[in-house]
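Below, subunit A partners subunit B and then partners subunit C, in two separate complexes.
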Partner chain A sequence: MEVWIGTSTSWLAAAGEHGGKEHHGPGFWGLVFYIGLVLAILFGLMSFAKTGLKSRVFTKPTLFGLPVLGAFEQIYLFIEQLCVGTIGAHGRKYVVMIMVFWMLVFFSNLVALFFPTAPTADLSFNLGLALVSIGYVQWEGIKANGLFGHFRHFAGPKLGGMLILISLIIFVIEIISELMKNVSLSLRLYGNIDGGHRAADAMNELGKNIIPLGGDTGLSIPIGAFLMPIKLLTCVVQAMIFCLLTCVYLSLVTHHEDEHHEEGHGQPVPAGAH
Partner chain B sequence: MTGNVLGLGIGIAALGVGIGLGLIGYGAMGGMARQPEAIGKLQVNMLIALAFVELVFLLTVFIVPGSLR
Partner chain C sequence: MPIGVALIVGAALMFAGMYVSTAKLIDLSALAEQGIPLDLGKTIATVGVLLILFPVIKFFFVAPLMEAIQTRNTELEKTFSEAEELRTEMASMKSDYERRLADTEAKAREQIQAQIREAQELRKSLMAEATSRADEMVKRAQDEIEAERQKALGGIRLQVANLSLMAAEKILKESVDTERNRKIVEEFIDTVEVPAS
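The block that comes next holds the complex of A and B.
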């Protein structure tokens, strides 16, 4: 019983970022290394995909048989559909920013599959990403509604007389919730990626305890490797959720009253739709 | 003693979040089966809802042990 309590508190302490010897995130220079790695992968793939664009006969370049440019095209189409579907017809101009977010988060998550840690397994990197995302949302809101209009948007509906006090309270609450969006975006990403690492660690420990292959050598079956498929799924889904929530926040602040009128006539009706 | 209480609390949180995630999946699957042409929109909204419910558990795991210490 004593042992169980001891291990459980140490595990919880590790989850609460106050553990003893366990590593928490990559640290500063580790973070520099991993972000550099992610950027090198991204820029390398993109510069490779760009090679075929200027040739007379357009051929999609492949790397070891993998269609790099085709993959980027598919990502672009996916992000464009995400933006237009979530924000509306004027969402196409945000595709660039959302795609940068998607690729940065996705490749950082992919690094987590092959390396002991990753940029997105560090809370500071995620908080930076979330600050950029929410700052961009505020910037777009100010651009769409003007500075005063954007801040009036926080105060809720227009109320007269003494009800202006309620507007004041709503304003304060909305500002707090706007700040909390940073926390929710960053903590979600950090919890999922770092939680995946901890789960794989725990499974490996399990394998070491249950089936000790090498005895003293510490050789064991890495049961945590069986978590790889679900970690890959988490990578894609978390990158998508980060972009999706940024899109939702963008659609909230750049919402126009005449949107429904535009949507009714602007969207071409698909042939199969009834 | 705190170890016991914290473990139990996290277990309860996981229980509730599991039920919530199941309900979201249940609703989304039912909707998709009834209306296959709305799968795209349903999937996106389902993922948003899943993310919000999941965040509750993450907040529990990261914040409660720190505040109880």
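The block that comes next holds the complex of A and C.
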């Protein structure tokens, strides 16, 4: 675990451009390594889980007594509920994308628990995630409302006369708001994961200064380990927040689909779609 | 976006990002000094990785998982549907059997009642026949008794007449005309009341 390894001495941290106490995430090849690590874990688990797909009840295969495929099924059902509850009935078609987001973010966050850094502890990686997320939202918005209709949304309600200037201002603000969603998504994730590292580092330094065990060897009591439970909670919560916000953004640009659906079939629009 | 396009664009973005990052084409060190360590090369490469990952993970795992869940749900729905059909069928059969059982019981009860009625009628007719035969036998017996009685009475009368003649002969010690005497005796006997036995 990174709290035991100590970031300043680890070869893993050395892969980062700003390895050591600066701790500004991995460099390019460090990011490649960590993304590869996350994908290796993810694909390893998925390959392992796929062996049980033929069974009727997903109780096998197990890893440390836990049903891996059952866990993936629960993630899928959770994401499905999240999409349908937030976006509406048509949200089911986004389940695949949201699930991939969830798994990438969650397993990246988990890597952050056991290694000096992680993909999600890198703002650049998170910005890439956010760009894909928001880009997909815009793409779906354009598909749902048409190019003109989608951008007309940014101008707010239809105003006439000189009030069109207000529409223009609203348009500019909304465009900035859309761009800031990228910053919001990426900074939040980066702040939480990287912040967890820094807090653990700070507490480890504290342990090193209070009770030095090994003198020059750098061994110390890993007080930062006490942050593990809350960091684990952060892993889950941040993955969920990223996916939930993507769902909310999707619902904002595609909720007309449900209105058309309601007009056509008399079905109520799910509350989460508004 | 078609998967082929996504893979090509993703790969291109990965290499572009690698080039931008390693060659340091975009210098954002000012941001890094302010605590915002941003490397747009890594961001571009990440976008490329994600463009490749989405279809790959979808086809490698998520789609088969969804299909397996869907198949299982369909099987479960089918099983529940079949169970519901069987339950309905069983309920229908149960009511049918109950109805048939009630019908059978009613028929059996009716047959028993008919048998009882038939037996009662048979008993009545047998009783009547037995009674008539008994009456007939009694009547015949009475007739026979009456005939025997009359026969016995005739015999007794003859014996009495003979005895009376013999007694009269002994008393009179004289011979009289037998035919004439007999007639007298019989007339006498006829006048005498014979007590009923």
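Assume the second predicted complex is superposed on the first by the 222 of 274 C-alpha atoms of A that agree within 3 Å, B and C clash if a C-alpha of one lies under 4 Å from a C-alpha of the other, contacts with A are read in each partner's own complex, and residues count from 1 in each chain.
As a working rule, a residue touches a chain if its C-beta (ideal position, glycine included) is under 8 Å from a C-beta of that chain, and two chains touch if they have at least 3 such contacts.
In this text the structure is predicted, and so the values were computed from the model without any measurement.
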Exercise for the section: Answer with first, second, both or neither: which of subunit B and subunit C does A:Phe226 touch in the superposed model? Expected result: neither
Practice task
Report for A:Gly85: first if it touches subunit B alone, second if subunit C alone, otherwise both or neither.
Solution key: first
Practice task
Identify the partner contact of A:Ala49: answer first if only subunit B is touched, second if only subunit C is, both if each is, neither if none is.
Solution key: second
Problem - Touched partner set for A:Ile241, first subunit B, second subunit C, both or neither - result: first
Practice task
Check the residue A:Phe125 against both partner chains and state whether it touches subunit B (first), subunit C (second), both, or neither.
Solution key: second
Handout entry: First (subunit B), second (subunit C), both or neither touched by A:Glu73
Key = second
Completion exercise
Of the two partners subunit B and subunit C, more of subunit A gets touched by chain C
Problem - Partner chain(s) touched by A:Met99 [first = subunit B, second = subunit C, both, neither] - result: second
Practice task
Mind working out whether A:Ser184 is in touch with subunit B, subunit C, both or neither, as first, second, both or neither?
Solution key: first
Practice task
Overlap the subunit B and subunit C contact sets on subunit A and report the shared residues.
Solution key: 17-18
Problem - subunit C residues within the subunit A interface of the complex - result: 18, 21-22, 32, 36-47, 49-51, 53-54, 57-58, 60-66, 68-69, 72, 75
Handout entry: Touching residues on subunit B, where the partner in the complex is subunit A
Key = 1-4, 6-7, 10, 40-41, 44, 47-48, 51, 54-55, 58-59, 61-62, 65-66, 69
Fill in the blank from the handout: Residue positions on subunit A within touch of subunit B in the complex are 4-6, 8-9, 12-13, 15-18, 82, 85-86, 184, 187-188, 191-192, 195, 237, 240-241, 244-245, 248
Handout entry: List of subunit A residues in touch with subunit C within their complex
Key = 17-18, 24-25, 28, 31-32, 35, 39, 42-43, 46, 49-50, 53-54, 56, 58, 69, 72-73, 76, 95-97, 99-100, 103-104, 122-125, 127-129, 131-132
